[in-house]
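Input: structures, listed below.
After this come two complexes, each holding chain A, first together with chain B and then together with chain C.
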Partner chain A sequence: MSTIRLQRMPIAPARIALVLRLLSVVLALLTTAILLWATGRDPIALGAKVLSSTFGSSFGLEDLALLFSPLIYCGLAVAVALRIGAWNIGAEGQFNFGAFCATGIALFVPGPTWLMLPLMALAGMIGGALWILVPTLARAYADVSELITTLLMNFIAMLLVYWVATGPWLDPSGMALATTARLPVSVPPIWGIVHWGLPVAVMLAIALALVFTYTRWGYEVRIAGANPGAAAYAGMPVKRQLIAVMLLSGALAGLGGMMEAAGTVGRLQGGISNNYGYIGIMVAVLARAAPLGVLATAFFMAVILNGGIVLQSQGLTTHTVLAVTGLILLYAAIGDEAAHYKILRNKTGES
Partner chain B sequence: MTDIPDPIQQRLGLAPGTPPILALKGVSKYFPGVIANEAVDLEVYPGEIHALLGENGAGKSTLMNIVTGIYKMDAGEVIVEGEARDFGSPTDAIEAGIGMVHQHFKLVRAFTVAENIHLGWPDTPKRISRRVLEARTSALSDTLGLAVQPEAVVADLSTGEQQRVEILRVLARDAKLLILDEPTAVLTPEEARELFVALRAFVARGNAVIFISHKLDEVMEISNRVTVLRGGRKVATEWTERCSEKSLAQMMVGREIVLTEAGQRAPLPKDTPPCLSLANVSLTSDQGTVLKDISLDLRPGEILGIAGVAGNGQRELTYVMTGLATPSAGTITLDGKDVTRIGARAMAEKGIGHIPEDRLQSGMAPTLSITDNAVLREYGQPPLTRKGWFSPRGAGNLAREIAKAAEVMVPDFAMPARNLSGGNQQRLVARREMRIADKILIAAYPSRGLDVGAINTMMRYFVELRDQGVAVVLISEELEELMNFSDRIAVMFHGEIMGMVATEGADVEEIGLMMGGKRREVAA
Partner chain C sequence: MISTKSLSRRGFLNMGAAAGAGLLLPKTGLITPAHAAGPLAPVAEEDAHIAFGHTGPTSDEGWTWAHDQGMKAVAAAFPKLRTSYVESIPYSADATRIYRQFVADDACMVFATSNYGDFLYDVAKRAPDVAFYECDGRNPLDNLGTYYVSHWYPSYVAGIAAGAMSPSGKLGYVASFPVPSVYSGTNAFLMGARTVNPEATLQTIVINSWFDPQAATQAGTALIDNGCDVLFGIMDEAGYLQVAEERGAKAVMWNTDLRRYGPNAYISSIIVDFKAFYVEQVRRRLVGEWTPTYDLLPFGGGVDVDAWGETVPADVAAKADAVKASIMDGSFNPFSGEIKDSKGNVKVAKGETMSEQELYHWNWSIEGVSGLDA
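Let's look at the complex of A and B:
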């Protein structure tokens, strides 16, 4: 008689983890396909439609790139915070507030483009950092969980943007109902409608990966994130690091907001963040907080989101996409755990 | 080794032919590059406490993990009450009456004792109120003679209490064989005594205990028989009463241990200026005053022992001496300069190493790689860091160097440090700290979790450091260790120093009294 048993290993082999990741995606898509089929739709035709509309034309690819870019910013924001053991659930709010600050500069400060863009980027980053400042200080000095505080700040930022875009900053031309005027400066395009926001995001991801691996600061953040007690023991300024990293996290999301307002949309409007901040959490978690991993998972989520837009045009609701992303996360979590197990086969005589 | 002539059953007072509760035949287990167990035979009979003795890495935990279905053996047989078994999981093992309490507890810290006892237990009724859970727990606690507080949250309990909960959890499931993996490593001597009483009562009811340890005196005290493992293989099984600590130590390490002696040397001149001085140092925390008016001088080239029951301010003393805590009153001077509030990093840079009491909580980041942990003290200096740039390759080199000096076999330096055995973690931390301790080494319970061989090596290092002129502060619960190695012994009680004695000619009785709170009249 042969028996099969599982044994848990202390470290998951990277190759197996990767294979299971891919498998989890396939499983999630398969589950969705079955559900679609069960409700009387043709999953194969829909899948083909999604693929051809995303990858089959330069329009599709440009749309994809425009989704990819904000997901990198938000994914990096969440990932950076995770590095020091903080959950930034507020990338959504920081993104909105960054967009708001950059728009304010663009609308009310005159100046040449070469000066305006860096200024707006700076405003976006400072805005994002400001938006996480209170949760950061509360966590550092009063041990208040940033999980809740960053989340609550999101609603304030969202409402603020809605209000200015429909009220004080409403497009005076009367053409639009719920946006500001077109911003006088915009992030220059590099390819079709894709602008510099994307390469900057990619460079930031690479830079962060280098910083975390090849700087003393990166090492310190790693220790402080894994065990603040050990960091204090080695004399590291744990609080200062926590504050610096969380502000950096906010700044990244804020910069994403600036790029969205001044690059992709060209205006500030309600709902400009499009849930990127929340999806960024998933991006970061799937990437295990590795900046280069964020590039891969953000791309992947962009494909899913874009697929969702295509599906909507086919009469499916946005909830389908949410369900798919949820399924992927679920299967990935199962897969990550499963990667620790080794399957053992052996033959036993009696018993 | 000689065979045991008379039948085991007879000596244990069992009916002739009584089968063992557990028998292992030729059990082998290989990890990549490591023989964890090879051809191990073992028989455990009802009514006995069977010690499993061996150095760190001898394969004790692995062998018992095989028995309880956590690991899969590569060869051999596990026979439980005459029937060959191959448990797929600890749940299967406990159904067959075999339960294990691990070195690292597996309780849910946020749950109450009662909840932990009933968690994952098929006998737990499906619908049950908190009150009933607690009542059931009390009843179990009474019948099994293990006092626990059912309503307490596990995180609030002392280590000894948590261990009782673990044991109760296993015994509640009708275990006939209780396996304890180094149970006393985390206990005070008093708690250990209580544990021994409970164990004796348990085997008196016809059950059996496998007691894993590397402490010889305990094995001598508690066990009926002892099986010694070395390098994954069984060396011998003997009746404990036929062994001595010396013979066991020899079997365990496979050579005669020459115990390190503190060594003869000229006494320090009385006027040697102190390197570190504490003057009227006090420390208050949320628990109130934890250090009270401590004054002591540490001189280069001496080993200062700190005696006392754990939890009497020893930890806090190490904190103020290493800059981890700033005293609320008093001053600390290092080579004549005030260092009271310069912080942990500056203290380390000035040559003060610190082997902390709870290495997993403060001395290491268990989830990070062995490399990251090994370089925790030197990451900021060349060749690891130059102008802020950190060299992972340099870190790898240093980690290998430290592991080599610490005599720790590391298969993969990228592996999380928590996968190292406790003893190996301790060796790595000790080595890492000794490298930076140019002036002072503060060692809190450095021998906890180490076996005789390793303790011996560590003490030899301390003596070498001392001979190089480093001052060593040795905090220990083992008076014998302090008497053997320190030049002077200070005794702590309730955050105060009760007195200081020169080790030579010291009266152990008097030290014992000071540990209980009696103040010494004249200072040494």
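Let's look at the complex of A and C:
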């Protein structure tokens, strides 16, 4: 007689984790389909509609690309911080503040486009880094959880953007409500309305993957994240790395904000971040904090979100989409935990 | 039904193609399209798809519900066409995606029931064969018109009752954003209140949303904590009315009759009705007459004050009703000088009267209103 026993392993094998990850996505979509079917809708027709609307027209592909881009920036921001064991819940705020800083430069500093765009990108990155500076120092020197502080900073940034866009920076022409004037410079398009924000994001993801894989610094960050005590014992500057990585994380989200304001929207206004910062957390978690993985999961989330737009135009509420993303995360979390277990068969009596 | 005739009789601007770019023109004098393009081609009823994009849920019993009634009226008047709608569209690039999706779904006419600015404008520009309407819009195109309600008149009338029913003279206002509809609403309300209560003031709280029951409830609570005894606002739901009911204060609402949420607190509501407007514009679209219009639904023809609440004294109601009658017959215009802004500058001199465009674009607070001017 033999029994089946589960054994928990400290590290989940990558291949099993990947398979379970894919399975969790399929299960989430299947659950959604069953719920749609149960409420009298045709899930196959809806699914076909989502796919044809997203991939079957240049409209759909443009929309997809414009969703993909900010999700990469925010996903990378969260992923980079996760590498060193920090939870940046504040990508939303850094995105807003980066957009705010870049807009300030665009509106109030005159200059030629070739100079303005790098300047605005720099302002966006510095803004994003500044917005995470206090939580970073608090974590590094006072051991305050960055999880709470970065989250709370989001509300300040969001309200700041609402305030400037409806108050001091309000479009003076009167032709637009609750927004700044159109920015005099914009990120140039590469295809249709898709702008350079996307290729820059992809290049950043590849660059970060190379840095984390092939440089000593990337290695040290990984060790410091896995075991700060051991890393410090080995003589690594853990605190300095934590600060550098968290500031880099903020800068990435801030750059995403600059690209959204100066590329996609063309103005600064409240709500510009569109929850990308929060969805970025999901992107990074699903990608297991791997920069190239972020490309895949950000693309996947972009398809889901764009699918949500299509579903809404078919009479489903916006909450359906939120529920689908939540389901995916739930199944992924279960899958991640399950990947740690190995099935053992052994005969009774032996142990 | 909105006719050019009744508009001009009441001294309203006809914001139609010929006369009317005016309403959309701020004083800076930007150029509006000449509308040289002819009407859009007719559409067979069975091929037509009319789409609505909303800022809130259709179940809000307020603004979005009222527009949804309009959509249902369209469906009833033209049973063979297809209608669709999307609720709770954020003011972000997601709005562009949703309006583009309507176009991709072969909509021949799209109504945005809130101001989506560039997010809608960019879509309309790339879809010249689709008719677009933007509620409270500012930026027209050959295929993008605007419609709104002249809510400042009923707000003024409701303000008279509010002023009479406020022992403290402190009025509160739950605002969405500091935008013209909020400026005109607060200013008109306080001007009405001051006709019976000259020392009255109005404090606003901005909550950055048209539909956020929790934030509206908190704002209403804060205003009453601050001594306000009558609340007004521009919310799509009944949140602050319930606060007023619990705290023994009074409230004036928007959109629909909400008295069952606070029978003692309810003074009145700025009632809107878009049914006739929607049916008429869809008819024009189907028969091939449609060119963009810039319509402001008049007092009594799409926007009105609701029947008075049960705790409004008869003499107060009579007084407000008399003023309403004089506004509607054209013998009285409340928006005449002298009007000072919140910094004490005279903005409308004695003897001058604000035009409909100025009321539509109102972007400064009168003296006595706090919380909006930066």
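Throughout what follows, the second predicted complex is superposed on the first by the 323 of 351 C-alpha atoms of A that agree within 3 Å, B and C clash if a C-alpha of one lies under 4 Å from a C-alpha of the other, contacts with A are read in each partner's own complex, and residues count from 1 in each chain.
Just so it is clear, a residue touches a chain if its C-beta (ideal position, glycine included) is under 8 Å from a C-beta of that chain, and two chains touch if they have at least 3 such contacts.
Not measured: the values here are computed from a predicted model.
Judged by the touch definition given at the top, the superposed model places A:Thr166 against chain C, while chain B stays out of reach.
Legend: residue contacts after superposition of the two complexes on their common chain; A:Gly335 is shown touching neither chain B nor chain C. Measured by the number of chain A residues touched, the leading partner among chain B and chain C is C. When both complexes are overlaid on chain A, the residue A:Pro135 reaches neither chain B nor chain C. Once the two complexes are overlaid on the shared chain, A:Gly90 sits clear of chain B and of chain C alike.
In the superposition on chain A, A:Gly271 contacts chain C only, with no contact to chain B. Contacts of A:Gly98 after superposition on the shared chain: neither chain B nor chain C is touched.
By the touch criterion stated above, A:Gly127 is placed in contact with neither chain B nor chain C.
When the two complexes are overlaid on their common chain A, residue A:Gly307 makes contact with neither chain B nor chain C.
Once the two complexes are laid over each other on the shared chain, residue contacts for A:Gly174 go to chain C alone; chain B is not touched. No residue of chain A lies in contact with both chain B in one complex and chain C in the other.
Of all residues in chain C, only 24, 26-28, 30, 51, 57, 84, 86-88, 90-94, 96-98, 100-105, 115, 117-118, 122, 136, 138-139, 177-180, 206, 208, 361, 363, 374 touch chain A in the complex they form. If you check the complex, the residues on chain A that touch chain B are 3, 5, 7, 10-11, 213-220, 222-223, 226-227, 229-236, 344, 346, 348, 350-351. Chain B meets chain A in the complex at residues 71-72, 83-86, 88, 323-324, 343-348, 354, 356, 361-368, 372, 375-377, 379-380, 385, 388-392, 395, 412, 414-416, 419.
Touching chain C in their complex are the following residues of chain A: 53, 57, 59-60, 63, 66-67, 159, 162-163, 166-168, 170, 172-179, 182, 193, 260, 264-267, 269-274, 306, 309-310, 312-315, 317-318.
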